[in-house]
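As structure tokens, here come the structures.
The same chain A turns up in both complexes below, where it pairs with chain B and then with chain C.
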Partner chain A sequence: MQRDSLALAVPLAALFLVAFIAPLCVLLALSLSGDSEFGRFTLQNYVKFFTDRFNYSILIDTLLLGIKSTAVCLVFGYPIAWVAARSSPRVQSLLLFIVVLPIMTSVVVRTFAWIVILGRYGVLNQIVQSLGLTQEPLKLLYSEVGVVIVLAQVQMPLMVLPILTVLSRIDPNLSDASQALGAGAWRTLWRVTLPLSTPGIVAGCILTYAACVTAFVTQSLIGGARLVYMPLHIYQQAVGANNWPFAAALSVIFMIAVLAAVALLNTIAARAHRHA
Partner chain B sequence: MAAAGHDVQIDHVSHRFADYVAVDDVSLTIDGGGLVALLGPSGCGKSTLLRIIAGFIAQSSGRILFDGAPVDHLPANRRGVGIVFQNYALFPHMTVRDNVAYGLRAQKWERDDIGPRVEEMLRRVHMAQFADRFPKQLSGGQQQRVALARCLATDPKVLLLDEPFAALDKNLRFDMQVEVKRLQHEYGITTIMVTHDQEEALAMADRIAVMSRGRLEQVASPTEIYDRPATLFVNQFVGSTNLLRGELLAQDSNGALVRLDDGTALRAADSKGLMPGAKVVVAVRPEGLVLSDNAVEGARPGRIKTVMPLGPQVAYDIETEDGAALKAVVARSGASGLREADSIVHVAPVSPAACNIFAIE
Partner chain C sequence: MPDPVRVRDWNAASLTIAFGIATVLAAIVLIAPSIVILITSFTDSASLKFPPSGYSLRWYRALADADQMQTAALNSLIVAIWTTALSVVLGTGAAVAVSRSRGWKARLLDGLFMSPLLLPALAFGFAALIFIYRIGLRPNLPLLVLGHVIVCVPFVIRTTLAALAQLDPALADASLSLGATHAETFRRITLPLIGRGIGAGGFLAFMASFDNVPVSLFLADERTEVLPIHLWQQIETNLDVRTAAASGVIIVATLILMALAERFAGLTSQMR
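And then the complex of A and B:
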């Protein structure tokens, strides 16, 4: 039986090996080779990265961008999930449909729609100005604020769905019990619902974070040419500068940095949530 | 200790879910310190009524009053109602201690008072040594005691128990019943307990309210519910019973004379105001029947199908000549041994008081 179940796992393992492990090995090998001649072992690409401020500031910007977008996503996504978990099935599917909608539109169409909304003479600026909130148009497009807004919207389902799943599994009697013991809605949310939904929050944050830092199209089109994040940087090094080994080194560093961030999040969450 | 409990009044309360009437014009008054058991089959609206009293759902009509003052405008967190759920609903991410302290913190007790109060409550339910465990590290009965301590810690006006013992095995259930009864008495707290276990209701409650399809069928003391059920439903739901169909022949101040469908005549103590000629069904509890070897007046012959010795009593399953099945439970006195299966006996009610008649529509 053990043997049979191992046999069942073979196709998946093979796919994993060919489609994931092998390219990773190639990438690693490439990053450790010299500028031109493939195969000569050198650490020069890594040395170059860490000795050049420009390079690692891009990495830090990218990781921070992920944190900001994830935070915005959480702040808006948690209430959506909370409301959805409490709604009747019909309202719940409507809410979910709205949240999932961005995934179902092409990334290019969606991004250009945002350009129309965020631009200097875009919809958002016209509303803000007609309300008299500001004289000068806000600089949203080609700014980090714009990128954060768009990423948060696009990745929303990755935040909402895991949280909703966990929330709807929480025993509804718990919030009733909390209420009967004299707790108001906020205390119940803060002391009962929120702690019990941390697994969903962690999963949502990890997914959103990973998706935000690697969102090449959104970052490049909304951020413009002057805001460079790691995915674009890697692309420019590989395709623009034709420096494949350096691009490979950037990729490896980026990957490790994202994994480290995810692992950190996981440990914090596990510590906070050992018993629930 | 026995503080005077708070009176609870349920005043013509109805509740509709969409077009389904779950609670139908229920009125019930419970004096301070009383323990009322809500008894009824599954889906009859017991939990819904409890949730209305607790303030989790707003009734469609009617009022809830504590000590004469309406509480309908108060949300659940300001009603002072303690509730223990069937699944206990302990907070899984908190220790036993924090679970018990939760209500005290929510109700803004002085920090210095919370610790001693929690210890006191845990001692009362014999859970002090488990204070630092998490709920999932406890057995069902232990969780139940923590739920009780958590609920009683804040001195609720009213205690609501929704099938609190359903998940416990028989011995533990008995222990917990005794314990809850003791705590309830000690605190003098008005209690409403939902159950669909009639023995539990009979054993624990001062009064029993029997519900059926959203309506209250009868509210009375356990003995009265058992001996003088108001409706056929109550008679059948509480305890087991034999139903004999017949027609009311005559009725006077001494009771009623009924002719059963097989021709035997039978007296019932109370005619319930029915008129002669009414179609009735006579209900006799198994222990309200006597068996004799000879034909006596009012007895019908039957053949014993099964004999079940139940310790001090014996239950007989008897088939009468017209094919009706009767259950009889008789005390096993030293002299009379067991009757044999397949022997013929004559079955008659012990007394007119053992017969309850109900009209058939």
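And then the complex of A and C:
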């Protein structure tokens, strides 16, 4: 039994081989060919990407968008997890329900709701203008600020849940001891609780980041046609321009970039952990 | 000189207040979209103004005649049910296998099965389309389901692995030493104990499939148009209030399903 214990994983492994690994290999092969028929080998698609400012700046914008949205998620997500970890079970369930609700509701529905809220005559502009804060309506829809706000709202659970898991495992005696020894609440948070919750923060940041940079629907609906990020760029090249080899190269570059960003986050976290 | 105890009280209070304000703000932003769209869907006018000038059920009635939307919803439901069934069967097996072994093969498989969560789903959808054409096929419903399984099965594996990690191995050992076979032990001891984990994963896989755009965008054709893509195109082209009514239906259905998943599978505790 022990020896063939991986037998139960064989069906899924076979499916992944045929329906996941093989397509990704074909994608790579197509990205290295000159035409859609897998003709002559060429690097022209990659050369085109890295020598054209329009192309590589889309990648940079996308990776930066992920950093901005993840940062907003962390700034609000950590307090939510902290409050939830200290609440009664009832309040904790309620908070968790509120956090999980957006990720369960269809992403198209959520994004649609934000269009109603952020639009030129939307809820937010009505509030801001009735308070007399601005004469002109704020341009939130089709702006990067809008995209960051919506992404942060949509992906918040991915940040809160891992942090909450780690926070609820920390021995409460540690922060009690810290405070009994004279450290204030902020100092205890900074020197004791925050370092101990690093694994949850890292896990949350990785999940949130990967979800934000790849969020095609939210990026394209809130960003509009002028704010182009990598997923929309791939889609436009594949379906709009019908340039499959170039779209394949874009996909490969984007996948490697996302994996590299995740690996980088892991490395930073491992180093921070060693120094702590 | 200030009293040190009061300094500490103020210090602690300021932290609680700051984090409390952040939490309340975030909570409002988290729920606002669902509430706004629900209220808007009951408007009696043809615009998406919020708050609506008057209320009616006319857009919900209009849904009854939205044939294309209904077909798309039915397609989505069929795809999501097949995807969930396959993900639960294949994912539970894989999770049980991976959890039993500590070798490098198990770790490699675990990483492979989880990778669709991190990789851009749109790139995978495109790769799958290229592959399907390459081997001489055309996109169809079964292939769409298989594509969905790839991106949805990680949810089942994750929650099932978490449930298996909390399982006391002594229970299975006891059952085996008392003469039960491996199959009996799995069916009568292990499965009931990890059932909630599998259920939560199945729920997440269902929602992820029903909501999937990036894979369906490439693998669904006109005959298998799915609901999120239909709605997405509606929003892109003309902001139709029927879309708001459809959103209202989706939100209420989600709430009911979530409440059921919470009741029977302890959803929020399984997701941690």
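In this text, the second predicted complex is superposed on the first by the 265 of 276 C-alpha atoms of A that agree within 3 Å, B and C clash if a C-alpha of one lies under 4 Å from a C-alpha of the other, contacts with A are read in each partner's own complex, and residues count from 1 in each chain.
In the analysis below, a contact is a pair of C-beta atoms (placed from the backbone, for glycine too) under 8 Å apart; a residue touches a chain by one contact, two chains touch by 3 or more.
Everything numeric here is computed off the predicted structure, so don't read it as measured data.
Of the two partner chains, chain C is the only one that A:A210 touches; chain B does not reach it.
In the superposed model, A:D176 lies in contact with chain B only, and not with chain C. In the superposed model, C is the one of chain B and chain C that contacts more residues of chain A.
Legend: residue contacts after superposition of the two complexes on their common chain; A:V192 is shown touching chain B, with no touch to chain C. Contacts of A:R110 after superposition on the shared chain: chain C is touched, whereas chain B is not. Contacts of A:G184 after superposition on the shared chain: both chain B and chain C are touched.
Using the contact criterion defined above for the overlaid structures, shared-chain residue A:L131 touches neither chain B nor chain C, since it reaches no partner. Common to the chain B and chain C interfaces on chain A are residues 179, 184. Taken in their complex, chain A has these residues touching chain C: 1-2, 5-9, 11-13, 15-16, 19-24, 26-27, 30, 38, 75-77, 79-80, 82-83, 93, 95-102, 104-117, 119, 121-123, 149, 153, 156-157, 161-162, 164-165, 179, 184-186, 189, 206-207, 210, 213-214, 216-217, 221, 230-231, 234-235, 238, 244, 247-248, 251-252, 254-255, 258-259, 262. Contact residues on chain A toward chain B in their complex (touch as defined above): 171, 173-174, 176-184, 187, 191-192, 195-196, 273, 275-276. Contacts from chain B toward chain A in the complex involve residues 51, 54-56, 75-79, 81-83, 85, 87, 89, 91-93, 102-103, 106-107, 134, 136, 150-151, 154.
By the touch criterion given at the top, residues 7-8, 11-12, 14-16, 18-20, 22-23, 25-27, 29-34, 36-37, 40, 48-50, 90-91, 93-94, 96-98, 100-101, 105-106, 109, 112-113, 116-124, 126-128, 130-131, 134, 146-147, 149-150, 153, 182, 207, 210-211, 213-214, 217-218, 228, 231-232, 235-236, 239, 243-244, 247, 250-251, 254-255, 257-258, 262, 267-268, 271-272 of chain C touch chain A in their complex.
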